[in-house]
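Two complexes follow with subunit A in common, the first pairing it with subunit B and the second with subunit C.
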Partner chain A sequence: MTFLSGRNLGKSYFTSKGLWHKEEIRAVYDVSLDLDLENARGAGSRSGNTGLVGESGSGKSTLARLISRLEKPTTGSLRFKDEAIGDLPEKMLLPFRRQVQVIFQDAAASLNPRHTVEKILSEPLRNFFPGMKRKERLERITEIMGQVGLSPDHFERFPHEFSGGQKRRLAIARAVIINPDLLICDEVTSGLDVSLQGQLLNLFLELGDRFGVHYLLVSHDLPAVRYLCRRVLVMYAGRIVEDFPAAEMAASIHPYTRALLESEPSLDGSFSPRFLPGEPPDPSAYPTGCPFHPRCSEKKAVCSEQAPIFKKVADNHGTACHLT
Partner chain B sequence: MKEGRCLALIGESGAGKSITALSLLRIVPPPGKITGGEVILDNRDLLKLGKEEMRLVRGEELALVFQDSLSTFNPVRTVGGHICETINAHRRLPNGQAKEMALEKMADLGLPAGRVFRSFPFQLSGGMRQRAALAMALCLHPRILITDEATTSLDVTLQAQVLHYLKKHLEDCCMSILFITHDLAAAAAVADQVAVIYAGRIVEKGQLKKVFKQPLHPYTQALLRSHPSFCPGTLKPIQGSPPDLALLPEGCSFYPRCPEAAGICLSRVPEMLEVDSGRQVACHLVKSAILTKGEIAAS
Partner chain C sequence: MTVRFLRDPMSLAGLGVILLVFVLTMAAPLLSPHDPLPVSLAERLQPAGNDYPLGTDPLGRCLLSRLLFGGRMTLQYSLSVLLIIILIGVPAGLAAGYLGGIVDSILMRMADIVLAFPNLILALVVTGVLGPGLINILIALALVSWVQYARVVRGMVLSLKEKEFILAARASGTAPGGIIWHHLLPNVLPPVAVMATLNLGSLVLSISTLSFLGLGAQPPLPEWGAMINEARNYIVTQPQLMLYPGTAIAVTVLGFNLLGDGLRDVFDPQGFTRPRAYGFGKGKQPVFVAGAKRIK
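And now, the complex of A and B:
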């Protein structure tokens, strides 16, 4: 039984261009993925953590919103423990929401400025455990605040009384307080100082060990993904182009993944001026064939005519590229 | 800063990186004020220049690129208009020559010059806009370019692009760059010198390779231990957060977070100490370590 699996997921947005003409923006299309958490149990602290990387505009966040069912997929099916949830109304999603939680990049904006910490943290408990007594709730809140590194005396405070790092911790506390199995983190470490980033990454690991939370880290920060995750999914132009183990970054096949890895500044100062030419494609008009071919240095004739199919090249390694 | 070199200024947010950049250009927003010190460029103290003289220095000799390229540009004017305005504010050029200069600079930075020149800022992608901002800063061939977190909000691939062009310019034009960032990896990619700033003071300075390989100040050490690329195995990030600048602790401002803080750190502010040629550290512990080493050598 796969924890969460998507088949041929797609999400399109429509914008009107003029009175009669509508333009389709395909943010995500034809994405199939499995997040298997059962096999990951007991196989080390980082296993089961998946990183989702790609440039901005590649559809990472849309995919995260699809599999957390914040958006309904336009095409394809989404199954949670063998139950189709792609079309379920919000009320029926309660068991799913209890196990899959999301944290957003802008933690400050996701906290209600008029609610105290107690209210913010007790809301998920009230939602998912209606039978819980106030005293039990308070105990749980005190416990979780200690675990994410907030002082439990700050019960009565409002979000604006915390620093940026503390607000993120608060958002994390709110997500893990109901003990979910999967936590989807959308760019949670971007735009933070190194010291804060390190603190958060370690907190994620610690919570993973203690509560068995697994992460889907949506990020463009490769070092962070490498640190936290065992599996990496690479997205380009709304599709997953490569799926490979994080420990074997060097074994990546897809030219885009390799370009992404080469773009990362090297630490010894010998920065090679190899970077990807051109711009990411326009999601309303993807190039024909492989969407990466205009920027690819190894393209062949077939690349501009036919879209490559996602193939497995090894047990835990798959890619969508004609060159394999 | 030396000619043709790149100095990286790294530190956490709130450490005073951006204010340093703004002070060099004398554009600190009120109620901020430059209360002391001097900014020497070619034996001239920029703080003593008149308003008009300073205006000529900005853009012509010192240029600044900000993090947010969208608010750098006026949304109702074209990118080309901005660049020509910068050129015309400094030089009296015959018709069309400013445009030529702008196009040339944009092509240098790998932009499709003709299209970008006519575009409005919002029509460009983030990476192109940042390069257009760079073109605006570089169009008068400034002596020193200051980039304030210019690559921070960009994707890895776009960041690599911008870093590549910065590095190319550094080599071709004999210009100096002050590269302000909190991204240690980006700093390592372009800079050859580094200064680490904490709570408004520079605590360590020296050749980048040496500093990153063997950091002396406990803060630099902790900073490097917080980054997954520099620290194999489990991260050991700095605990706590940067101090409130209004309530700086007495003594060394890092001691509340310092794992090795000793008695003297609480009471006296450490002064800059030259450890090696060009390598400076402001830390009591490093100083006492060197002194004991010297005593052993003497005896």
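And now, the complex of A and C:
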């Protein structure tokens, strides 16, 4: 029984061009993935953590919203513990939401400016534990605030009274207060200074060890992904192009993954970036065949004609490339 | 926030005027020297004096008493219309904005139809169909004014519902009803309060206008607009008959507008005061947000 699995997931947005003509923008296209947390249990910290990387516009945030069911997939199926949840109405999703929580990129925007900390942190408790009394809720709130490093006597404050880092901790507290199994983190480290990023990642690790929370880290921050995750998924043009263990970055096969890894600066002075020519494709008109072929340095004739199928090359390594 | 409101002389003046008008008109039964209704032709068109502080009208009724009771009528009906249009407009806007789809289309097409006509003309037509009377102009005004609230609220909801805190509330398991009640409504109400205050002035004006045209308060009931209508024939010989209710309307509308402007500044999220064209307060320079570069 897989914790969360998507088959051929797709999300399209439609913009109207003229009166009758509609243009389809495929943000996510034919993505299949499994997040298996059962096997990860007891296999040491970080073992169930997955990183989702790709450049801006590659569809990683959309994919995160699909598998957190904040958006409905237009195609494909999404299963949570063998139950199809892709089309469920909001109130049937409670058991799913109880286990899968989300943290957003902009922590400040994810907190209602007119709610106090108590109200913000009570919200999930009220919804998932309707029988809880106010006193019990306050105890739990005090406890979780201490665990994420906030002063527990601040529960009467409003979000604007906190610093940026504290707001992130508050958003994390809201997500972990109900002890979820999976925490989907959408670009949580972006826009923060490096020491704050480090603090947050360590907080994630600590919470993971203590409560058994697993993470899906959506990021374009490769060091953060490497630090927190065991498995890395690479997205390009709405598709997952490679799935490989974070420890074996050197073994990556897909030319896009390698270009992504080579574009990362390093501290030892050996940094010689290799820039990819061209631009990411227009999501309303993907190229035929492999979407990466116009920018690929190793393309063959077949690449522009036939879309590559995702293949396993090793037990924990798969890619969608004609070169394998 | 409150301090900013209290420091602004214009908002304070507005608040003062409105409070005064409210106290005077709501206490009309206690304050007025005479019964506003009985006709006494022997005492018609008396000058202002001890018996009648503002004199009497062509039917010998005390002008001051009619002014106080008339204001009570005008304010009561303006507030009732306001309450009705907020109770219709805000939920309609919330539903249209949050649910979208067919609900949104139906509500907004209805709003478009109403907005295609000038407000007062449409109210005139509705009262024409329903017949004259204060209850009917109340219905007519409510029918044509709820759309502004629905539109504004819908617009705010459309931008609010894309905010991440709404998504976060969904992720926290809050049902759509809870999202509307706990997350959308509290963020929508402050601008609605400002709009309502500014709107009250124009409602007072609309009710008086319709009564002036003979569609609202029916004689012998006192109402400011109706009083102006009754004074029409004496505009040259007895101009004070028209001046008193006219001034009352003007002062009340001005008071609501000043108060509304003050409230708008208080709720302004940018947090700096704009210098006003009619402001006479000293040192009312715009205060720039900290960190903004100063141009030399």
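We adopt the following convention: the second predicted complex is superposed on the first by the 323 of 324 C-alpha atoms of A that agree within 3 Å, B and C clash if a C-alpha of one lies under 4 Å from a C-alpha of the other, contacts with A are read in each partner's own complex, and residues count from 1 in each chain.
In this text, a residue touches a chain if its C-beta (ideal position, glycine included) is under 8 Å from a C-beta of that chain, and two chains touch if they have at least 3 such contacts.
Quick caveat: nothing in here was measured; it's all calculated off a predicted structure.
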Worksheet item: Does the superposition put A:Glu279 against subunit B (first), subunit C (second), both, or neither?
Response: first
Item to complete: Report for A:Ser195: first if it touches subunit B alone, second if subunit C alone, otherwise both or neither.
Response: first
Discussion item. Taking the superposition on A as described, I'd like to know which of subunit B and subunit C A:Glu90 touches: first, second, both or neither.
Written reply: second
Worksheet item: Between subunit B (first) and subunit C (second), which does A:Ala259 come into contact with in this model arrangement: first, second, both, or neither?
Response: first
Worksheet item: In the superposed model, does subunit B or subunit C contact more residues of subunit A?
Response: B
Discussion item. I'd like to know which partner A:Asp36 touches here: subunit B for first, subunit C for second, both or neither.
Written reply: neither
Worksheet item: What does subunit B use to touch subunit A in their complex?
Response: 12-13, 125-128, 152-153, 155-161, 163-164, 167-168, 182-186, 188-192, 208-209, 212, 222-223, 225-230, 234-239, 241
Practice prompt. Using the touch definition up top, name the residues of subunit C that touch subunit A in the complex.
Written response: 163-165, 167-176, 178, 182-183, 186-187
Discussion item. Quick check: in the complex, which residue numbers of subunit A touch subunit B?
Written reply: 55-56, 163, 165, 191, 193-199, 201-202, 205, 220, 222-224, 226-227, 259-260, 262-269, 271, 273-276, 279-280
Discussion item. Applying the document's contact rule, which stretches of subunit A touch subunit C when the two form their complex?
Written reply: 65, 68, 70, 90-91, 93-94, 97-98, 101-102, 104-106, 109-115, 123-124, 127-128, 171, 174-175
